[in-house]
Structures are given as structure tokens and as C-alpha cells.
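Have a look at the structure that comes next, please.
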Amino acid sequence: MRVQSPFRTQKDSVAEKSGPVTAAIIMAPAKKNILERLDAGEVVIGDGGFVFALEKRGYVKAGPWTPEAAAEHPEAVRQLHREFLRAGSNVMQTFTFYASDDKLENRGNTQRFTGQQINEAACDLAREVANEGDALVAGGVSQTPSYLSCKSEDDVKAIFKKQIDVFVQKNVDFLIAEYFEHVEEAEWAVQVLKTTGKPVAASLCIGPEGDLNGVSPGDCAVRLVKAGAQIVGINCHFDPETCVKTVKMMKEGVEKAGLKAHYMTQPLAYHTPDCNRQGFIDLPEFPFSLEPRILSRWDMQKYAREAYNAGIRFIGGCCGFEPYHIRALAEELASERGFLPAGSEKHGTWGSGLEMHTKPWVRARARRDYWEKLNPASGRPYCPSMSIPDGWGVTKGHADLMQQKEATSKDQLKVLFEKASQGQ
Amino acid sequence: MRVQSPFRTQKDSVAEKSGPVTAAIIMAPAKKNILERLDAGEVVIGDGGFVFALEKRGYVKAGPWTPEAAAEHPEAVRQLHREFLRAGSNVMQTFTFYASDDKLENRGNTQRFTGQQINEAACDLAREVANEGDALVAGGVSQTPSYLSCKSEDDVKAIFKKQIDVFVQKNVDFLIAEYFEHVEEAEWAVQVLKTTGKPVAASLCIGPEGDLNGVSPGDCAVRLVKAGAQIVGINCHFDPETCVKTVKMMKEGVEKAGLKAHYMTQPLAYHTPDCNRQGFIDLPEFPFSLEPRILSRWDMQKYAREAYNAGIRFIGGCCGFEPYHIRALAEELASERGFLPAGSEKHGTWGSGLEMHTKPWVRARARRDYWEKLNPASGRPYCPSMSIPDGWGVTKGHADLMQQKEATSKDQLKVLFEKASQGQ
Amino acid sequence: MRVQSPFRTQKDSVAEKSGPVTAAIIMAPAKKNILERLDAGEVVIGDGGFVFALEKRGYVKAGPWTPEAAAEHPEAVRQLHREFLRAGSNVMQTFTFYASDDKLENRGNTQRFTGQQINEAACDLAREVANEGDALVAGGVSQTPSYLSCKSEDDVKAIFKKQIDVFVQKNVDFLIAEYFEHVEEAEWAVQVLKTTGKPVAASLCIGPEGDLNGVSPGDCAVRLVKAGAQIVGINCHFDPETCVKTVKMMKEGVEKAGLKAHYMTQPLAYHTPDCNRQGFIDLPEFPFSLEPRILSRWDMQKYAREAYNAGIRFIGGCCGFEPYHIRALAEELASERGFLPAGSEKHGTWGSGLEMHTKPWVRARARRDYWEKLNPASGRPYCPSMSIPDGWGVTKGHADLMQQKEATSKDQLKVLFEKASQGQ
Amino acid sequence: MRVQSPFRTQKDSVAEKSGPVTAAIIMAPAKKNILERLDAGEVVIGDGGFVFALEKRGYVKAGPWTPEAAAEHPEAVRQLHREFLRAGSNVMQTFTFYASDDKLENRGNTQRFTGQQINEAACDLAREVANEGDALVAGGVSQTPSYLSCKSEDDVKAIFKKQIDVFVQKNVDFLIAEYFEHVEEAEWAVQVLKTTGKPVAASLCIGPEGDLNGVSPGDCAVRLVKAGAQIVGINCHFDPETCVKTVKMMKEGVEKAGLKAHYMTQPLAYHTPDCNRQGFIDLPEFPFSLEPRILSRWDMQKYAREAYNAGIRFIGGCCGFEPYHIRALAEELASERGFLPAGSEKHGTWGSGLEMHTKPWVRARARRDYWEKLNPASGRPYCPSMSIPDGWGVTKGHADLMQQKEATSKDQLKVLFEKASQGQ
């Protein structure tokens, strides 16, 4: 299998030496756009979630989850983009999750950088690395505190509009409205994104039970397609198995309605068999003790195959994905795509690199059969395999969800603690 | 608590713009050396293991485990150094694991880069980032295929000598002989390292049962101190709990012998309650399905406290450690050290950042009591909590361990597979 | 709380001394029949499954599962009846499971005893012990090999008729058609049972997915009520949680159809969260490694409460139940029933007997809060928490299910083993 | 393999009809005594623990754990003896555990029956059933509250003497001092037992860490042999694996001291890998949530083999054992003993009875390979595999252990609860 010539420009020489991206690189020959690829039946590999990966690397704060690192620590963001590109990603999503002004203000992150600065920096970084390979830049918007706090449709749309103005100015290749728990807000986002004339993908963070108002996956998908999305699907909140299942329900809904769409999944890299409708947020382990749930590369290959078999062609990841997880997707679908990702030069299919291990009994693990059948131990004999999720059962409009800028006060925390104790 | 002013020079402005490190930065004011720090009772935070972290990022091949990325993908290695520095590391270990010529040749990694080139590049990267903060550079050597294949003491020492010549030329701050399964080879390494006049640390990858020849941890430690090591301890192969326990046995041995030393631990970031003497190599999950065993940040805080209480003052990590694991060590010991690491600007002690989460019930998790008591679920109801390790029971000199340059042949693999089947 | 005066006649004096039951005892004053009790809103506590309990005691052979012990080892069967009575059972089911002639012949168990002898002995034993307390005798029939082998309705009904002739002659108090995987066969059984004029209960061994032909629990229940059953419900094959859930679906179906019935559950005493439609038969642990799944007495109290809350009033057990499990049901519902069972003289609610334990820290466990919240460990760190069931997906009429008298031949076993290997 | 002709007298005819045992039966031909059997190298199969088995059947109260059922419900005790005999037991232990007067008074159980009555009834029942087959009667004494409360050696010995007087009068075949946590008390018991002239076995409830005063298993065994015990070993408190390991240590100690003895194990039927020195009493699941830890019959066969290989020839069980567990021991050692137990008529080796199961895929489980390799699931995905034991670390003489007659008061319970909370 041919290994993809990884980079159009030699990053070691150019990027290392000159730092900021040069005009010459931006002029790289035109690539097929996202819809041309999907229409042609190509597999498009997405990237992984930046907030979780950069939290582990020390550049994102869990809780606010805002992306100021795009402006504050660009070298860290650029490096992560490069690793996903090298792993096989065809899409560089701008690191603009929760970069709407209402969220940034809410979370106290506009002191050093304005929302516009963060969005611009994120676009530049994504473009710089996309140009180093065969990747497109996708500008992303996500759900807003304004919607949860019951602001008007106009107010919420104005929030999206501000981010999109930057994406248009920076000429991203297409747009993604992702991480929406309420299909209504996602529809509003799609409507705003459509005004740009660029291809639009829409991705909800829901499971088989539907959105937080109980709209089924099938109905959600139909509404998003009618709102103008050409690609619909699921990201975040659930494990790959659940997300693929949910996208299948979306596909059935769309087809039953006589409509057409492309499909995407960008699930968690965490096993979540015990989740309820709210997804992994409600797991007691969220967000700081999720380690034992992390998927292995072999789990990822299984996911890639199942997604492919379900007719999904935009296959990526979200929170918990590391570059090697994306590489596993690209390796599983190498024969369908016709090539291996650049990063496979440092990997062998099904552990074949182990044939060069020092210990002969480790060399004996260099085979598909071994890794596919292995049920890995947790190393945690005092821990269970499933958790009982919190279940507060509130959604948009509930007083508990009115967003506040301040950290939780001691009194608030006390009330919450009591509610939580009763819940368990 | 004061957050450490992270960097002596502003990396965003200087490093980003100019790429390679300038002379001015190298001239940074002299730091206290490793022994001065330990003699003064300071806590020295180590870094994490590079081969596993960079394997996940796509730059190291599992199996050979060689560090050619230092020369091949310097931007990736530099970024990892920076993340550990930011997380609180006081030691930048040169990425020279398995960078001895016999290993590199053995594993087919000398086509593009010579051993000398790799060792030199690794020294430059470690120095560049060490100079950005309060960190020292440690040149590292590790066990050799030559020893396993029963080469003579002179031959093995010549191998170490070649690497050390580079370390002397690049003027590293101190030296570490690490990852030795046989104390005899570690003694040889220490003897060579001592010729440089630099401080020497020696770290074995053994557990409470002792080295692969059955020499007890206490006896191992005594031999290493007598060979000239000023710091002795354990790295890799076992989880923090086991490593701290083993270092305690070393300390008892040294004290019983009327000797003096400083102590270090750099354990795995994987729970390994089920390991036998060979450590995690023999776990069926090694190296590609270890995910469910990854320690959380709270597990790491517990480790830091236990290591500190055991009198260990050089506390770091090995395979599996990500920057946030090192940050957890630095946060746990912040009051002892007098400051928080730079990376804590993006973290709050015991999850306090969650006070700004969108969902109130997640905000209720922002407290020590919650995370300390949580027994995280694996999300894998079809998997056990412990595994039965392979146990081939062979060691240095056994025919199975004669190193070969070629990948395992199909015939060899068949024999191994049969042996493995019988073993289980 | 009053402890029920356990026995009408002092078993220690009478039963011990005289062995066979005397006429005087049979003439005990008339009890309320099953429908009078249920119509009055009383809770009727069933007994547990005899084949599994007596297999552990050495009197039933797993595989054939036939009840020849009623004639062969009457003292063992009598003792088990007494233990259930003492635990609070109001129903002594005749130990006539699989005692149809076609099954007995099929399984080679008619050498020493005829079907009639077994059925008669079982009736006598149940009556003897029922008369020692406030219990009724229920004659039971269950699914037949004849149905699975596609015999005609007339043939199958003739099989039931033969058993029922004994029940009528022995004047049992009511009849139960239980353990049917196909509602059609259960309907036939009910039709035959109705000819006796006695109250009839009908209980399927299905889960929420319905019978093996896919008939939903609601539809099954409607058909059974229309066939003449006054009590409908579920027994065997699934854990209490699943059985209660399925009976709820039956109840909804019956109410939706404008019909009326009483409801019963007699679930397994094994946790089966991982079962598919076929129930615990398909679990790899069936029948010889089910131990780790056994419910505790506290699990049983939870079941009793849930069944009661679901409107179920005939609450008992099946395979895996030991007398203490039945006692737990009776203790949980003691306030609803107005008394504790006789066996509670040797028990205290929620572990209160531990207040007299030797060790004070064990005494501290004598409280409801302790036992309700405890998540008991399996003591099996090398075992998972869930299994992947076999799933052969065949049902009545499939060639694999044609019943044979002979044990599986080596050749047949080889074919099965290969199929099983592929399935996993 | 010949199935043992189970019973010398047909229990169905004689025992059923006549109740109390007749003189004719008592006159059965003399059997080889326990030492003759062991000296001849025979395997002696013990029985299982009566308090746990009868607690589940409703005749023993957990907490007091006293054996008044011998007098109060003889039919239940007789039946359990018979089941163990049928399963292959060669030893009928009198059901006299905790039947010393100080214990009975302490636990409020002398209202209906005196200690003497209980001990006499227990002897009669054991003798009656022993005479039905090839079994011996062993009179048993166990540790006393008097010792824990620091009574004098004379006082404690007087307690034993009272029980033994009954055993002598009833002419039991040999004596067992069992369930001692302190070797000193066991020595005293052995000294009293030796005065009878009967063979004496002594069995401690300790693990590899030794008795509660820290005396090693090897030293304990030497002291017991020197006190006059001809058989030494371990019963209760730990799982078979741990007990066999501990007896091995005893054997090494005895042999090193140049002494001779026979060895016995009667372990729990619960997996206890997580126990500390105090054994299963300190597990949070003790005594009411131990179900998931119950050993399967295949676990038992493994135990029988390991015990045999360790040179142990008196192999039985304690708490948690049901008759089928004892049968598994007898089946595993059938070729060594030359016959199968009577109960095997209702069992097939390695599940061979399943060859006659209705479903062909269950028939495919009728083979040793299947059951030996199966790792049974717990069916409890919310539960861990190991627990953290309570560890109060007190022993004989501690104020917490002064025995009291009254149930724990509310105030005492509150103190205990607080201590327990802090401990976890």
C-alpha cells in the first residue's frame, strides 16, 4: 500500500524556519471541495476534538472549555493540527469551539484576546496546516449560552453571524454547525451558515433517544436537511457505537422523507454504554476520570468499518481522540481510500511493528487475530465497568441552566451537592 | 498560590518567530544543579516518557521504539518538551532512549540519520526548551541489545561511551542510566557515566521481586551507589504504587548498608496490579490496548504524595505520562515547592475549573472529595479488571533473546504463537 | 411485627415421627383459594424453582432437568417444600416440571418410575407440606418436546391432559401453565387446564422482545387471558428487573384490550443484563457457572418492591431461588401482608441479627443503609461483568430443535462446537 | 467408573418410615478410623459448613451463628448431612459450631435448649447419617468468647471439656478443634481433646500472614503438632487458593521441625483475593452480599486438585459450600479414590449431562475444555471485582472485643458507624 506523500511543503524546512505561513503556500493548487469528494464516494477523514486533547497538553481549561489558545499558544494548536493531518485527516476544523462572544464573555476569556482575534487566529492556523497536505478548512460554530438562556432567534443568530463573518473573510472551505443538543438551535445555525454560499454540515450531540426536547434522530435530520445542510450527523456526547446507530436512524428518516444528504460521525473516544440522553456529561467520571473508557486503536478500526458499512463517508472524532485514533480510521479504510496516511510510516497494520520488538513473546502479538479478540483489562479491580449517570433531567429554559458569568458560589455549590447526593 | 512565571524568554515572540534557539537564550543565568537541588531538600519534578507519547502523536514506531524523531521531526519533540516544562518538569531528558548504535542498526533506523545525529539533535532540543524555564538537561542511556546478546563488558561499555561523548560535547547538566532489567549492566553504565564528572542517576525497570537475575531491590541499590550513582531509583515497567514500594526497598537496603543516596521514581502511567517480574511488557495488553489502565490526574496526585512521603524527591514519569499527569504531580506538591506550574493557569486544583461549567450538576463536581472517592468505571462491561501476564521466564543469555535485525519471520511467528497458546 | 405461627401441625412431632401424611392433616380447615386471595388484594408469595435447587443438593440432573426425585428421593423434595413454606410461600407448586411423558421418555427417566408415579408423588408431597401452613397446591405443566418437534395441537394437548388427570385426581387447588417460549403452546395448555374448572395461571418465559415467534408481551397476555387464564405473567429465563418490566408490558396490553387479569412473576435469581431474547439459556455460563450472578437478599427485596409497585400480586421465584430469597420477598412485603414469615425467627430485617456478631465492626453493618448501598464485589478480577450470549436464532420447527432421545453423538458435538466457535 | 453404592441402609424405606434411627443401623460393621485412612494414603472428603448452608435454608441466624437447629429442626440438619454424604463426604461433623455454653448464653440461645441438649442432638444426627454410608463422625469445638474476653486457660479449657464430655458419651469417631484465630487457644483445645484418646485434628482460620498475634502458619502448625494434633490445617476465612497456600506453609514448618502430621483444608466457597489477615469477616460483603463470590463446581475441581498436589489428604469445605461443591471434590479425585460419589448419578463429569439438553448449542457445552476456560461474568456491571476490607486491626484483649450478651445499642452503633465511615 502506498503511503501518502505527507506534505505538500516540507514543514521541517519551511515552517520551522519561517514561522508564519507564506503567501506562496496559500497559493497551493485548488483541491476538490467537500461535496465533490463526498459526491464521488470518497471517504473523508475528520480530525479529533481539540479541547480535550489540548486540555491534556496544558492549553485549555476544563470547565470554560474556550479556545483562546489559538491566539495565546499558536505553536501548540498548530502542532495538533499537523499531527491530525499526518494521521490522515482531510479536514482541519478551526479551533473555534465555544468561541462565540457570549460564551467567551461568560467564561472570562476576553481579557487578553477578543472573540474576533481568536476566530481569526484559529482560521490562520487551520489554513496553514491544511495547505501542508490534502485537507480542507472547516469553520465551526456550536451551541450558545444565549439559546440555553432563552434569548430570541434573532439574538442567537446574531451570535453565529459574528463568527461567520470571520470565516468568510478568511475564506474557509466549508462550514460545520456542530455540538447542538436542541435541533431548533442547529436549524438557526444552518440558516445563518447557508447565507455564505459555502457547503454546510450540521452535527448534533444527541443519541438514539433524540434531542433534549425529545425530537427523534430521524426528525432532527429531516429538519436539518430542510434547513439547508448538505451533510448531517452526530458528534460528541456518545461513543462510536452509539453515534453510528444514531446516524443510521437519521439516514432512515431522511430517506423515508424522500430527501438526500451525506452523513458524518465524530464520536467520543470514550466507551459510554451507560449513558442516558444527556451523554457523557452526566457520567460521574466527566471530565477528569474518563481514562479507563478511552478507546484503543483496534476499537477505532471497528468504528471506522461500522461507520463505513452504515453509509457514512465523513468519519472523524471528537473529545478524547488523539492523533493515533485518527490514524486507525485511516488505516482501516486504507483499501477504500487507496493509500495509507503519512503517519503510518511509524506504524504497522495490526501491530506488525512488534515483529521488531526485543522480546519474542511480544513479537507473537504482531497479528490481527490477537488484537481483535483481546478484551483489555482495566487494571482497576476496585472499580466497576459501568456508572449510574447523573440525571437532572433539565433542559433549555430551566432555571438551573440560566448561564452566569461568575463561578459557582459556595452556597450554590452546597445546594448542588445536596441535590447530587440525593440523586445517587 | 503563585503560578510560576513559566518561561524565561517569551516563546510566543521569540521561539515562534525565529525558530531555532538563539545564543542569547543559551546564555541564561546559571541554575542550581541536580545535586544542589536534592541536597537542599527541593522536590525535582521529572518529565514523562517520550516514546509512548510520541507514538500516539505519530512520530515513534512501537516495536523498534527508537528516537529518530529527534532529528526527523524536531518540531514534535520540541513541543512535547515544552508541554512537560509548562506542566512543571525541572528535568528535560534528552530523547535518546534506545539511541545506541547497536539498537539503531538492529532496528533499521540508521538509514536517514546516524546515531550521533540523533543524539546531537536530542541534546539541542532538550537544551533549547530547558533554557525557556527552570529545567536541567539530563542525558540518558538505557539497556542495550549487546548486553542481552551476551557481548563482553568492554563491548557494552563502548556502546555507552559513544552516546556519552555526545552528551559531554553538548554539555548536558547530568546523566541518567535508566531502564535496566539487569543490575550488572546498569553498574557498567554508571561506571562509564562517572568518567564524565557529571552527577549520575541510575534507575532500574524492576519491581519488588528484583532484577531479572533475582537480585533484590535493596542489593541492586547498594551496588549502584557503590558504582558511583548519587541518585538511584526505578522507572518504567510498573505502576506508581509498585515503583514507590520498590524504591522504599532500595532505600532500606542503602541505609542498612550505611550508604547515602537520593531517590527517584519515574513509573508508568498505567495501573499494573497484575504484573509479574517482567512488568507491563508481559501484560497481554502491551503495548496497544493499555488504554483502560491509564491513570487519572487524581491517581497521579496520590502517587506524588506517596512518593514524597517515602522520601523520594526526584519524582517523574515514564511510558503513558501525558503533560497533564506531570502537572498533577506539580499541583499535589505545590505547597512543598512553593509555587504552581505555569500550566496550572489552565487548570484548577481538584477540578475547580468546573465551577464555570454550563451544567450545574457538573459544577457540583468541583471538589476534592468528589474526585478522590470516585471509582471510575471502565465503560467495558465485557472486559475483566486484571489479566494473566505472559510468563516466558527467560532472561539475558537465553536463545530466545538473541537480538536479530530482521523482522520475525513467518516460521518464527508460528513457533511463538504456539508457545503463547500453550502459555495461556 | 407478628411472626406467622408457622405450621398448623407441629412438624417436629408429627411429620418426623410418622413420615407419611395422615388423613387428619389433610382435613385441615378450608383455605381461601388463589382467586379469593388475589381479588381481595392480598400478596401471594410463590416458591422457588425446584430443579436448580435440587440439582445443587444432588437430586436432579442438569441437562434432562426431569423431576423423578419426587418419587425417588421424597425426603429431599419434602424438605425443600418445607423450607419454602417456612420462608413465607403461599403456593406449593407440584414438582412436575418436565414431567410429561414425552419429555421423560426423551430423557431416559422412565425406567424406575412412570410419569404417573412421578406426578402423583409430587402432588402428595406438595399437599403434605401445604397442609402444614397457609399454602395452596398448584399443579404445573410446562412446554413439551412434542411442540418443539412440530407435533399437532391434538398431540400436544393429549400430553397436557395426562398430567392434568393426575392433578384432578389429587385435587390440587389451582393450575399453572408455566415456562412456555411460544404463546401458542401456552394457549393450548390453558385450554386444557380450563377443562378442570380450577383457577388457571399462565406464565411465559419471555422477555420484553416477546415470544420466540416475536409476539409482543402485550399480545401474548391478551391471548392467554382470552384463552381463559385468570392470572398471567412471566417466569424463568430473565432476572427480576427484566421480568417485572415484561409483566408491565403484559398489563398494559391487557388493559388496552379492555380485559382484566391478575399478574404474576417468578423470575430467575440470577442477574441477566446481557441476555438476548432466549434468556439465560444462551448465556455462556448456563447452567454451571452462574454463581457470580446470584442475587443477594437485598436484590430480592428490591425486586419484591418493584413487582408490588407494578401491580403484581403473585410474586415468587424460579431457577436459582433458595429459601432465603423467598424469605426476603416476604420480609420486604411484611407490612403489606401484616406478618413476617416463620423463617424470620432466624433472621432480622436488614441484617439486624448482626447486632449480636462477635466483631463490633461487623455489628456496624446491621442497618438498611449499609446493605442497600453496597455494590458487592465479585472476587473475580479476571472475569468480566457481562457476557456475549450465544445466539443461534432458531426456534420451533428448526431442524436443530427436533428432539432426540439419545445423547449428542461425537459427530454432532463436533458440528456444534464448530458452529459455536464461529458464533463467538 | 463405579458409582459408590450410596447407602448401607435404604433411607427411603427405613429412615422415612421410622424416623429415629434404629439400633440395627448403629450396629453397622466397623469402619477404618480417620488415621487408618490417612496413613493408608486415602483421600478423605470432608463436608461443608452448616451455619451458612442452614442460614440460607432458614434454620440458623446470622450474627449469633449458633446451632440450636440440631435440637429445634432436626429434619433440616439431617437432610443436609445426607446431602453431603451423598455428595461424597467421609466425615459428618457434628453441628456443634459455637455450641459452647458461654457462646450460647452470650447469644441468647439457651431458652429452649441447653448446650448439652444441642450437642447431644447434633451427635445423634451425625451418627445416624454416617451410618447410612462410609462416613465417620467428628465432634467439633471452636473458638470461645471466653478466650477473646481474656478468661484464664482453666476457664477456657473447662468450656471445651463440657462439649467433649458429650462427644465421649456419644462415642464420636474423632475430634476436630477448628476455627481458631489464635494458635494459643487452639493448643488449649487440642490438649483437652487429647485427654479422650481419640484422634485429634486442629484447624485454624488464618491465612499466610499467620494468626492474629502474628504467629506464622509454620510455627502454628509445629505448636499444634507438639500439642498432640495428628492432623493440622486450615478452615474457613479464606478461599481455597489461599487456604492451600497456607497449609503448604504449615507443612513446610512441620517438616523443617522434623515432625510428622496429616494435613487438612476446609476453605470457604467464596473467592477472597482481596482479604487481609482477618479473612472474609472484614470484607464489606460479609455475610449478606457474598453471592457473587461463590465458587463454581469447576473452581472446586481446581481446588481439589491443588490440595491433592500439595499433599493434603483431608479435603473438605466450610462456609458457602453446598452439596454440589463437595461432589465436585469427589468427582475430581474419583480416579485417586477409585469411585464416584452416589450423587454423581445426577451429574456427569464436566457437564456431560448437557448432552441431553433440549437446545443443541447448550449441548455443545458438554466438555471440560469449555468449562475450564470460561471466565464467568458477574452480571453486575455496576459492581467492582474487589473490595477494600475493613481493617480495625484489633485482636484478643482489645476493649472492642469484650463480648456482650446484649445486642449493640443505638449509641454503640453510632460510634461504630462513625469509625467505619472514617475507615473507608
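Per-chain numbering from 1; labels A, B, C and D assigned in written order.
Throughout what follows, contacts are C-beta pairs under 8 Å (C-beta built on N, C-alpha and C of every residue); 3 or more make two chains touch, one makes a residue touch a chain.
Predicted model only: the values in this text are computed from it and were never measured.
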Comparison of B-C and C-D by number of C-beta pairs in contact, larger one: C-D
From chain A, the most remote chain by mean C-alpha position: D
Centre distance in Å when chain B and chain C are each reduced to the mean of their C-alpha atoms: 59
Mean-CA-position distance for chain D and chain C (Å): 31
Per-residue overlap in chain D, given as positions that touch at least 2 other chains: 274, 375, 380-387
Residue numbers on chain B that touch chain C, as the complex places them: 274, 380-388
Touch list for chain A against partner chain C, complex: 375, 381, 384-386
Contacting residues of chain B [partner chain A, same complex]: 11-12, 15-20, 55-64, 73-76, 79, 82-83, 86-87, 107-108, 145, 148, 239, 270-274, 281-298, 322-324, 327, 342-343, 345-348, 351-367, 371, 374-387, 390, 392, 400-401, 403, 407-408, 412-413, 416-417, 419-420, 423
